[in-house]
Structure formats: C-alpha cells, structure tokens
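Below are structures written as structure tokens.
Below, chain A partners chain B and then partners chain C, in two separate complexes.
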Partner chain A sequence: MSLYDLMHSLTADSMRSVGGFEGELVLCATIVLILLLRIPRLTSRIDSFYVMLVGSAVALYMAGPWHPVEQPSQLFTGLLINDTFTVYFRTLLLFFAVLFAIFTRISGVPDRDAAPDVYALVLGATLGMCIMASANNALMIFLGVEMASVPSYALAGLLKGRRQSSEAAIKYAVYGAGTAGIMLYGISLLCGVLGSAHIPTMGVRLAELLQPANLEAGVGLDTHMVLALGGLMVMVGLAFKLSAVPFHFWCPDVFEGASAEVNAFLSVASKAAALALLARVAIGFGYIAPPIETQAEEQVALFNVADEPAQQPETKEQEAKPPAEEEEVLLVEEPSGSAAAFSPLADRAEQIAALAPARDYLAWVLAFMAMITCTFGNLAAYGQTNIKRLLAYSTIAQAGYMMMPVPAAMVLAGSNPAAAQGAIQAMVFYAGAYLFMNLGAFAIVAFLRNVLLSEEIEDYAGLIRRAPITVICFSLILVSLIGIPPLAGFVGKFQIFSALVQAKLWIVLLVAGLNTAISLYYYLRVVKTMTIDPEPETRRPVSMSFIPGTYVVLVSVPLLILGIWPESLNALARMATGQLF
Partner chain B sequence: MESSYMTLLSLIVFLPALGALALAFFPREKTETIKVFSLVVTAVVFLLTVVMALPGEGVWQFDTAVSDMQKVFSVGWIPSFNIDYFMGVDGISFPLVLLTTFITMLSMAASWPIEKHVKAYCMLFLVLETGVLGVFLALDFFLFYVFWEVMLLPMYFLIGVWGGPRREYAAIKFFLYTLLGGVFMLIAILMLYFASDLKLLNKDQLVAAHVISASAAAEEQEAQLAEIQSADDPVHTFNILALQQLGQHTEAFNSEILGKSLQWWAFLLLLVGFVIKVPSVPVHTWLPDAHVEAPTPISMILAGILLKLGGYGIIRICYPICPQAGYDLAYFVCALGVVSMVYGAFAALAQKDFKRLVAYSSVSHMGYVVLGIGVWSAVAGNNFNPDAWKMGMNGAMFQMIAHGVASPGMFFIVGIVYERVHHRNLDQFGGLFAKMPVYSGLAFVIFFAGLGLPGLCGFIGEVFVTLSVWTYSHALAVVAASVVILTAAYILWTLQRVYLGPEYKGPHGDHLTPITSRELAIAVPIAVFAIVLGVYPQSVFRYMTPSVDQTVDALAAWTEREKPAGEETQTAQRPAVEQTARVRLPHVNKTP
Partner chain C sequence: MNLLTEPIGVSHYLIVGAIMFVTGALCMATKRNALGVLMGIELVLNGANVNFVAFGSEYLRPGAVSMGLDGQLIALFVIVLAAAEAAVALAIVLNFYNNHSSVDVDKADELKG
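Let's look at the complex of A and B:
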C-alpha cells in the first residue's frame, strides 16, 4: 500500500468517522471557545456558564438517541466504536453535563472567575469519558481514562484555599497516576501476547489461543499467566475509576475535600463512564460481538491484523511508550515464538465457545471485587458523620451493585446471549437511575451547605421543619439508593438481582441482598436525622429559596416516575445493549 | 366487565393514596379538618368493601358461590418483565380486605389524640392503607412485592415520629427485620420467575390462571394459546395463579440448586419473609418493641392488619406455589407455630408492661395461624382425606380475622388507660372497675375474646386449629391445646391486676375519667364484632370457606398424584386414622 493510498483511505475513513463523533467535536469546540473567550476584553465579560450550557446542549442534541444507529460502525480506523451502547452513555454523560451546568449556576460554585477553568475541565473530562464509553482499542482505553482523570485531579483541588481540598487533589493524582501506570503495563502485556490493540481482534486472538485443541496440546500455556496478569492489571485501572475495593482509598478523602459539585460530577459521570468501559472490556475479551458489516475496502486495517491472515502477528510491545508513539510501535514486526498457537477458528460460535475460560476468569474476578466493594462500602458508611464522606462510601457500595451484572453477563454469554444482554441492560438502567439519585443527593448537599454552612449530618437535624420539600426529596433519593419500591433505585436493583438469578450466582445474590439490608441503616439514619430529630437550638434560621428547591424537585421526581413507569428507560437500555451480543 | 372490576379494586386500593395526595394541599394548622377528611376517606373505602360484602348479584358484589378468583382484571405494566397490573379477590383475601378497611377506619378514629404533625401523620396513614390493601388484592408477584415494601416507609415514620420514648430504635428494628425478609422474598420471587414457563401449562390451566381470558371467544382463546406456545424462549411470568398451576401441575420448580430443589429454597426464603411479618419465634423480637413504642392507633393497625399479611402470604403463595417443599417442611412449619404459641404465652406471662403483654399475646395467637396452615393432613396414610387440613386452614383464616378484631381492641383498651395515667406498669394498676365501669366491661369482653372464651371470636379459630392438628400429630396437638391454659393464665391474671382489686393506687389516679363517647364509638363495634363472630362464625366462613377448601383440595389432589401410598417419606409420626372419620374432638378443657 503506497503512502498515497494510505493517506487517501485514511482521509476517507476520517471523514466518514466524523459523523459518529459530532458530540465530542462540539465538546472540543466548546472547550476551545471557553478558553479563548476570556482573552479579548469584549468577550471576557460573557459568562462562560452560557457557553458551557449551550455547548453541552448542542453536543447532546448532536449525539442523542434520536439519531438512530442502525449498525455499529468503527470510527477512525477502529479506534472507537459507535453503536447504541456508545450513544446511550454519551447521551447520559452529555445530559449530565447540561444538568451539571445548571446545578453549578444555582449553587454558585465555581464563582465567575473560576468558572471558565472549571467548565473547561469538566467538559474535557466529559470528552474523556465519552471516549471511555466508545473505546474499541486498548490505547483508547488508556487515553480515555487519562483524559477523564487528569481534569478530575484539578477539579478535586478546586477549592484552592482549603487544605483538605489540596490534599484530596494530591491524593487523587498520586493514586490515579499509580493505577494508570499499572493499567498501561497490563495493556501492553495483553497487546503483546495477543498481537493487536484492537479489542475485537484481541478477542478473536484470545479465542484462538484458548481453543480446546491448544489447551489439550498444552500450546500457549506459558502465555496464560501473562494474560491473566495483564487482565488483572487492566482491572486495577478500571477499579480505580469505579472506586472499587481495594482501590477506593482516594474516594472518601477526595469526596470530603472536594466541593459537592465536583463530587456530583465524579460520582455520576465518572462512574457511568467507568461502568461502560468495564462492560466494553469484559465483553471484548469474553465474547465475540456480531461482525460489523462495513465497507471492508474503506476500512483501513491499520490495527486489524486478523483481517490479514497471511501476516503473522507482528507486534510485541517492548515497554509503555507515550501514547502518541505507540501506534508505530504496534506495527513493528517481530517474529513471534508462539505464533503457532493462533490457528484461526472456523466461526463465531466456536470462538465464543473457546473464550469460556476467559469468561470464567473475568466473572470470578469481577464477582469477587463487586462483593467486597459492596460490603466494604456499606459497612464503612456506618460510622460516618460527614454527609459527603457518607455519600462517598455509598458510591463505593453502589459501584459494587453496578458491577454485579457484568460477571452475570460473563456467565450467561456463552449459553444465553439474550440473558447476558439483559444483565448488561440492568447495569445500563441502573446507571441511568443513578444519575438522578447522586446528582440529586449532591445538589441537595451543596444547596444545604450554602444555607447551613455545614456538611455534617448532625447539622441537618430537624430540617424538615425548615425545608420540607428539600428533605422529602432527599429522603426519596436516599430511599431509592436503598432500593425500596416504588422508586427507580428499586427497579434497577430488581433487574440486577434478576441477572444474578439467571446466572445462578447465588453467593453474589445473597451478598447483594444482605447488603441491601445493611445499607438501610445508614441511609435511614440521615433520613431520621432530618425528619425525626429535634432541631438544634443554636442553628441559624434556614430557608431554602425557590430556584434550588425547584431544581431539587425536578431531579428527584424522575426517580418516582421511573420507579412506577420504568418502561421508557428500560426501552432505552434495551436499545443500548442491543448491538453488544 | 373487566373495566368495572378494575375501577372497583383500583378505587379501593388507591383511594387512600389519592386522599393522602389531596391532604398535601390542606393548610397545616387545620388539624381537625385534616383528621375528619382522613376519617371520611377511610370510611368511604370501608363502605366500598361493605358494598362488596352485601349479598346480591351486582357487578360490585362479592359472589360467595364462587371459589375461584373473582373481579379479576389485568393490564400490562412493565412488558419487559411480563409484569401486569393484575388484581382480583377471592374468599381468602376478601375477609382480610374487609378487616383492613374496618380496622383502619377505627384506628383513624382512634387517632384523634394525635396532636403532633397531624398532616404528615394522616398522609402516611393513608399511604399505609393503600400498601396493605394492595398486598391483599395483587395477583402479580411483582405488584405484590411493591405494595409489600411500600408499607415499610410509612410504618417506619409512624412509629419513629409519633411513638414512645424508644421509638427510633423500635422503628429501625421493624424496618430492618421486614426489609431483610423482603429481600429474601425478592430472591425467591426471581428464582420462581426465571424457572416459570407458561408453555408448560395447558389451555385449561392458563384459563384458570387468567393468562387467557375466560370470557373471550373460543378463537381468541386459541390465538392467545398459540401465541404463548409459539414463543422460542420460555415465557416467564409473575402471575401468582399461573405460578400456582406451574407448582402443582408441572416440574418447573424442581430443578436442583445446592443439593435441594428450587422450590425448597423458594419456599424457605418466602417463609422466612412471611414469618418475620407474622411473626414467629425466633424472628419475632421486633414486634414487642414496635408495639410498645408505636402510638395506639398504629399498634391497632400493626396487630390487626400487618401481622395478617404474613399468614396471607403463606396461604396464598408458599403452599400453592411450592407444594413439594411444603410437604417436606410441613412438620417444620407446624413446629414453628407451636413454638411461637408456647413461647409467646410464656413471655406474656412474664411481662410487667401492659402493652408488651398484649404484644406477646399476638405472637402466641398468630402461632395458631401458622400451625393451622401447616397441618398437611392429606397423606397416603389416611387416603388423602383433606378434611382435617381444611379445618385447620379455615381455622387459621378465622383466627386471623378474630385476632384482627380482638387484638386492636386490646391495644385500644390499653391505649385508653395509658392516655389517662401515662404509665402501663401492671403492678401499679388495680381497681379500674370501680372508676371506669363501662370501659372495664368492654375490656373484659375484648380480653375474653382474645383468650378464646366460647361464644367469643377467639374460640372458633383456636378450637378448629387445635382439633385439626390431632390427626396430624398428637404431640403437637397436646402442646397446642395446653397453650390455652397459659393464655387463660396471663389474661385472667392481667384482668385481675388491672381491673379488680379495691382501688387504684398508681400515679395520676384523679385522671381516671369515664370512657368518652369517641372511645366508645371505637370500642363498642370491636366488642360487638367479637361477640358476633363468636356466636355466628358462619358470617365469615361463608365468604372464606369455598376458596380455602379449594386451595386445600388442590393441594390434596397434588399429594395424591405425587405422593402415592408406599413412596411416602415420613417427616412426622402420623397416626393411622380411620379413613372416614371426621376429626374427633380431643378432650381439651377450653374453659378457663
């Protein structure tokens, strides 16, 4: 292939790909606009809030589910994938960005001076999260995670004067850097053994490596440990983003140190993207998605080595290079000793069957992690006196619940893809409900901070007599987090439980059930403090003004609506998962 | 037809919730108006159910000749999980619905002394009624569960805000216990759902389960049948009636999990969820706390209605859906009931707090319900004669109604005196008869009804249950019968300590004013019902017996099919009873 041909097809491919990338491009433009507008004197008076709001709304419009995606398509030579799953999470993230902009406007943090910085960081992180949700290449996993994380570190340190805030930012950054390094190492191990960074190709390679003939003959056994280790290391990076035990230590500290606004962003957007990525990775390595029908000629097979059976797997990554150089590294040819192991398999069914060991491995690692995370988060939340710290542990526990359908999907994928789809659908639904729950919770915490100047639970005592609507909404949100009908949290939990029943993961199911009962106590303690406890005599008069109250109601009412009529979000979730299996 | 049924049942269930919604727009200070409005709402709901109970052929009248579900309607709700808004009523649920609306109305009337946050109180109270009625009428398992859990939060607040000194502890304890039971139930529901498959049922069974509309034309029925049969994947269902058919006529729930059958686990999980509500020993410990701390009207609801949900669940769900497990665990269930009876009675004997004593008497009395339901007397040994079991289950149902009348009455009686003297210490009472003669007279009637004196409502249920157990296990029957002595002991001793004696020496003696007309208006209907039900039990039996008998007959038929003579695995020592013999009266001295 001559350089000209390569350039030509690359151009064609890029032009074609832009269509599925409009939301992200709008985000990029908005970031640039926010940053540039503050330079000329004339435009520096424009409130960047409006730019942020319009930018994210336009991005939402461009990327929303009202543009149906009939067929999944690979973007930019297979680096990203644009399917309904991507669309769902991108919509979720951008919708959150819009709500978040309004929220920050009402709560007044960041102030007008800091706003351009904060909004640029938030949009930048959102961009990274969109990439996480659509990653189709091991490199993009890393790039997405980093793009989402680095702005978050800065956001955690938003309250510049506060020592706690700086400490939180440093902790977050150090932890994030450490896990990112480990994840990159893991990625390089996986790519090295499997000879590609393109996740579907890696899945096919893995299937070829794990095919029964190989396992019987003992071929390629030496690579299994490397693969297991690589997988584990990638999980470390994901667990950090999900704040799963044992990589959760940053979470309570960061949540306590950072402002409630940032907490809302970290707990909703970051978690949703991490979940999407977790599902992508698990499905990528544990299952072979249906082949994507594209114009094969137009597709540049830069990374897609499997399409060229004549070539031997050529890549062997030596060390973790900065991402920009990596694609060249991947192309370095090197004769591979274990090449014989990769004999092609006949069809997709056989490939899926061959991946059974990978699925088992993923299922057990993830199930174990989910159980520990859930239990730990719930137990640690007991002793908390600070509402943000309590909610931090709550998000850890909730992350545990949300991870549970993934192992269920792994167990089911081999025998019953429809049920596996249902499992992922449960996770997708929960992520949608979770947006309202945690955004609402942190919005209330922020608004109450503005009037109470406190984030201690004991200062909420008897608040129902002063701000009844807010307290009722907060109670609804907390009860929804427990998972009691008729609220959206229950429908989500119900679906997660049904996935576990179908997968016959009884122990996980039991742990999840017991955790629901455990979590009742500390969520209800907050409700009790607000409603039953007497008001402290020393508190200054509290009154919730109209606009924050309205915002809170608007964010909490969907929980009730989705709890009673979940079918709308269910349909979206079904659409989102329809192209995965 | 179906739409008018839907209007009727939805009105009964959701009218209280709508009332609560309307209350939100009332000004907070108008406490009297709010109370009157709430009372009117509960009264209207009660009247609706009374209309249903009236004899007649109308669309809204409950037909006592029909033993199947009636007033059935079904509307799609969450299609992704085949969840329907599916309700109906039969002889098992209808008396309980009637009881619920009656007791709720009375306890709303008993709520007049509540002065704190009246608006919130009434709203929560009405939401609670919606939850309870929904549980009794729901025929979709998911819907059932939703209503079951909807009750929790109002109850938590009603105890936690308006309760006594240790109200917060009691409220969270109640919530934790019930939620844990609920989680177990949810797991069981999902296990059954994913094991179910409508394709295994034939047309008649599908019609019986109301999956296929019985009133539709024959072609339409065939079309619906063909639609179900042609599905590629199993057609899962939350339809309780269909699950009953599947449990009794197919092998759907027999797959093995961890060494036991699926239905064994499901039965156990459901049973745990239900007996927590009943409550049986050893999961009863929330009840004394909740009762003691709850305000009087809430205690009345709790004892009168909420405890019945557990018994109802066992009759409606546990046994018909998981007959195999019920058969295997029959002795366990009976033993659970007997242990509760004995333990509750002994615990009541030891109490110094008047209300706690009544609470433990509930544990003891609800033990009869569990025992009566569990008497699986139809076995190969007696040629599958279900008579004793019918008697037991009818007795259990009657006991639920009787206890639902007597126990709120007892709590109300305690509440009247507590309101005047602000203590419940049994040792400091005495001589109330002299100061409050009318009140004491009513108290005697109601407490004797609780005791099970012949001629009062408590007697019928107890004697039916005790008699039925005799054919099942002599040992259990002897123990169950002797509990009557304990019951007599603690009730008579209580009456003696509180009402008899020369004079009242405790605190606030001058506050012991005669019973007010409002209090009379609540206590008298309860006392009247206690007498009417005792003298003329047929008034309740005519509603419940056809459905209860049908349930038992179906299970007996199942036993005959599945457990023919010779193969029987004996779990209890069962006496060889002559086949034709009706249950004979064991020589139990019922009079105290």
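Let's look at the complex of A and C:
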C-alpha cells in the first residue's frame, strides 16, 4: 500500500468517524474557547459559566439519543466504538455536565477567578469519561482513564490555601497515578500475549487460545498465568476508578478534603464512566459481540499494520517448518507451539463457548470484589460524623451494588445472551438513577454548607423547622439510596437483584440483601437527626433561599417520577444494551 | 533455557520491563518523599513502555503474533501522558508543600476515619 493510498483511506476514515464524535469535538472546542477567552482584556470579562453551559448543552444536543444509531460503528480505525451503549453514557455524562454547571453557579464555588480553570478541567475530565465509555482499544482504555483522572486530581485541590484540600489532592494523585501505572503494565501483558490492542480482536484471540483442543493438548497453558495476572492488573485500575475495595482508600479522604461540588462530579460522572468501561472490558474479553458490518473493515486492519492479513500465512509457515529449524528461529520463553495456539475457530458460537473460562474468571473476581466493596462501604459508614465522609462510604457501597450485574452478565452470557443483556440493563438503569441521587445529595450538602458553614451531621439537627423542603428532598434522596419503594433507587436495586437471581449467584444476592438492611441504619440516622432531633440553641438563624431550593426540588423529583414510572428510563436502558449481545 | 546464552529476544526486554516495574512499585510503596513516589510511578509507566515496544517488534518474536506498530504508538502516547501526569502531580506536590512546609507523604494524615 503506497503512502498516498494510506493517507487517502485514513482521511476517508477520519471524515466518516467525525460524525459519531461530534459531542466530544464540541467539548474540545469549548475547552479551548474557555482558555482563550481570558487572554484579551475585552473578552476576559465574559463569564465562563455561560460558555461552559452553552458548550455542554450543544455537545449534549449533538450526542444525544435523538440521533438514532442503528448499527454500531467503529470510529478512527477501530479505536472507539459508537453504539447505543456509548450514546447512553455520553448523554448521561453531558447531561450531568449541564446540571453541574448550573449547580456550581448557584453554590458559588468556584468563584469568578477560578471558574475558567475549573470548567476547563471539568470539561476535560468529561471528555476523558466519554472516551472511557466508548473505548474499543486497549490504548483508549488507558487514555480515557488518564484523561478523566488527571483533571480530577487538580479539581480535588481546588480550594486554595486549605490544608485538607491539598492533602486530598496529593492522596488522589499518588493513588491514581500508581494504579494507572499498574493498569498500563497489565494492559501491556494482555496486548503482548494476544498480539493486538483492538479489544474485539483480543477477544477472538483469547477464544482461540482457550479453545478446548488447546486446553486438552496443553498448548499455551504457560500464557494463561500471564493473562490472569494482566487481567487482575487491569482490574486494579478499574477498581480505583470505581473506588472498589481494596482500592478505595482515596475515596473518603478526597471527598472530605475536596469541596462538595467536586465530590458530586467524582461520585456521579467518574463512577458512571468507570461502570461503562467495566462493562465494556468484561464483555470484550468474555463474549464475542456480533460482527460490525461496515465498509471499515479495511481501515480497521490498517491500524494494526501487518496484523490481520499477515498473520494467517505466517502461522501456517510456522507449522510447516521442521522442528529443528524452528528451535533456532524461535526465541526463549515463546514455546514452539505458541503461534499454532491461535488456530482460528469456526464461528461465533464456538468462540463464545471457548471463552467460558475467561467468563468464569471475570465473574468470580468481580463478584468477590463487589461483595467486599458493598459490605465494607456500609460497615465503615456507621461511625461517620461528617456528611461528606458518610456519603463517600455510601458511594463505595453503591459502587458495590452497581458492579454486581456484571458478574451476573458474565455467568449468563454463554447460555442466555438475552438475560445477560437484562443484567447489564439493570446496571445502566441504576447508573441513570444514581445521577439524580448523588447530584442531589451533594447539592444539598453544598447549599447547606453555604448557610450553616458546616458539614457535620450534628449541625443538621432539627433542620426541618428551618428548611422543610430541603430536608424533605434530602430524605427522599437518602431513602432512594437505601432502595425503598416507590423511588428510583428501589427500581434499580430490584432489577439488579433479579439479575442476580437469574444468574443463580445466591451468595452475592444474600450479601446484597444483608447490606441493604445494614445501610438502613446510617441513612435513616441522618434523616432522624434532621427531623426529630431538637435544634441546637447556638445556631444562627438559617434559611434556604429560593433558587437553591428550586434546584434541589428539580433534581430530586425525578427520583419519584422514575420510581413510579420507570418505563421511560428503562426503555433507554434497553436501547443502550441492545447492541452489546 | 539460559537467557545469558540466547540471542536477544523479547524475553530479555520483558525482564528489563519487569525489573523496572517492580523497582517502581517498591519505590511507590516505600518512599516517604512525594517526589520519590512520583519517580516510582514514572518507572512503572516506563516498564510498561518497554514491554509495549518489545511486543510490537516483529523481529524479536518471529512467528508469534505481534502487535505491530500498535506497540510503538502506545508507547508514544504513554510518554506524553506520563509528562502530563507528572506536571499535574508536581503542581499538587508544590501546593502541598505550601500548606504543610514538607513533601513527606506521611504528613498527609489529617484526613482519616
């Protein structure tokens, strides 16, 4: 292929791909605009809030579900994938960016000086999260995680001159960079053994490696350990983003040290993107998605130069060689049968069947992690006196619940793809409901901080007499986080539990049920403090003004609506998972 | 199989990468100075980079499936990201120093519970 042909097909592919990438491009343009506007004296007076609001709203319009995606398509030579799952999470993230902009405007953090920096960082992190949700290549997994994390480190240290804030930032940065490094090493092992960075190709290679004929003959067994180790290392990075035990240490400290606005961003957007990435990775390595029918096949192979076309003849040549010569040519550690281990499988059904060991492995690791995360988060939330810290542990526990459908999907994927889709759908629904729950909770914490100048739970005592609407909304949110009908949290949790029943993961179901009972205590303790306890004598008069109150109501009412009529979000969730299996 | 007598192949590179990874991980776990921890992170990232470049080479592993140019490209992206991450992390360390007059990570113990 000549350079001209190469350039020509790359240009054509890029032009074709831009259509599915408009939302992210608008985000990029907004970031550049926000940063440039502060330089000339005339434009530096423009409030960057409006730029942020308009930018994210336009991006939301460009990327929203009203542009139907009939067929999944690979963008940019297979680096990203644009399917309904991507569209759902991108919509969620951009919708959150719009709500977040309004929230920061009302709460007054960041101030006018810091606003351009903060909005640029938030949009940059959102861009990274969109990439996480649409990653189709191991490089994009790492790039997305880093693009989402690095701005978050800076956001955690947003409050200037505060000891706690700088401590939160350094803890976040050190843990985050460390786990990202470990994840990258794991990715390098996986890619190296499977000989590709393109996730669907890696899935097919894995199926070829794990096919029954190989397992019986003992071919490629030495690579299984490397693959298991690599998979575990990738899981480290994902667990950090999800704040799953044992990589949760940063979460309570960062949440206590950073401002409530940043907490809302970290607990909603970051978690949704991490969940999407977790589902993508699990499905990529445990299942073979239906082939994508586009004219892009040729371009996809282009990025993996000399990969697809050259591999087959090479393999045959290898087999044909006399063994004596082979030993000379092949180098250490690579056993002579390694290339032959990747003999192609007949069809997709056979590939999916061959991936059963990978699914078992993923299901066990994830189920174990989800159970520990859930239990630890709920138990540690007991003794907390700071509301932000309490919500941080609640975030950890919720991450545990939200991870549970993924092992269920892994168990079901081999025999019953429709049920596996239902499991992922439960996760997707819960992520949508979770947006309103945690955004509302942290918005209330921020607004109350502005009037009470405190984030301690005991200072909320008897608040219902001063700010009844806020307290009622906060109680709604907390009750929804427990999962009591008729709120959205109940519907989400019910779907997750029913996915666990279908997958016959009884132990996980038992742990999740027990945890729900445990979590009753500490959520309701906050409600009790706000409603029943007497007001402290020393508190200065408190009143919530109109605009924050309206915002809080607008964010918490959807919980009630989605709890009573879940079908609207359910339909979106069904659409989102329709192209995965 | 004696690595010392074999011609240079992918496993030699993998061993270098593994040594860098382990050194970096140890550095992250044991150093009390925040800058030392950041250096450990750089070592881990570059250990992974060595792996990527080695796995990407067609000549080090003839006959086996290789990542082709992907390996080199990923290494380039990782170098850029490592620089960005180091810039942000150093700024955060400086901010920490301004507030605590120290870059000792053990001093970051006010938030707990």
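The rule we apply is simple: the second predicted complex is superposed on the first by the 544 of 581 C-alpha atoms of A that agree within 3 Å, B and C clash if a C-alpha of one lies under 4 Å from a C-alpha of the other, contacts with A are read in each partner's own complex, and residues count from 1 in each chain.
By definition in this document, a contact is a pair of C-beta atoms (placed from the backbone, for glycine too) under 8 Å apart; a residue touches a chain by one contact, two chains touch by 3 or more.
A quick note: this is a predicted structure, and the numbers were derived from the prediction, not measured.
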Which of chain B and chain C A:153 touches, first, second, both or neither: second
Which of chain B and chain C A:252 touches, first, second, both or neither: second
Partner chain(s) touched by A:485 [first = chain B, second = chain C, both, neither]: first
A:531 touches, of chain B and chain C: first, second, both or neither? first
Partner chain(s) touched by A:351 [first = chain B, second = chain C, both, neither]: neither
Touching partner for A:167 - first (chain B), second (chain C), both, neither: second
Touch count on chain A, higher of chain B and chain C: C
Set intersection of chain A contacts, chain C complex versus chain B complex: none
In the complex with chain A, residue positions of chain C that touch it: 1, 3, 6-7, 9-12, 14, 17, 21, 24-25, 28, 34, 37-38, 40-41, 44-45, 47-49, 51-52, 54-55, 58, 60-71, 73-74, 77-78, 81, 84-85, 88-89, 91-93, 95-96, 98-100, 105, 108, 110-113
Chain A residues touching chain B - in the complex, by the definition given at the top: 418, 479, 482, 484-486, 490, 494, 497-498, 501-502, 504, 506, 509-510, 513-514, 516-517, 520-521, 524, 528, 531-532, 566-567, 570-571, 574
Contact set on chain A toward chain C in their complex: 138-139, 142-143, 146, 150, 153-154, 157, 161-164, 166-171, 173-174, 177-178, 180-182, 184-185, 187-189, 191-192, 194-198, 205, 252-253, 256-257, 303-307, 311, 314, 317-318, 326, 329-334, 338-339, 342, 383-384, 389
For the chain B and chain A complex, residues of the former touching the latter: 78-81, 142, 145-146, 149-150, 152-153, 156-157, 160-161, 167-168, 172, 175-176, 179-180, 183-184, 186-187, 190-191, 193-194, 233, 257-258
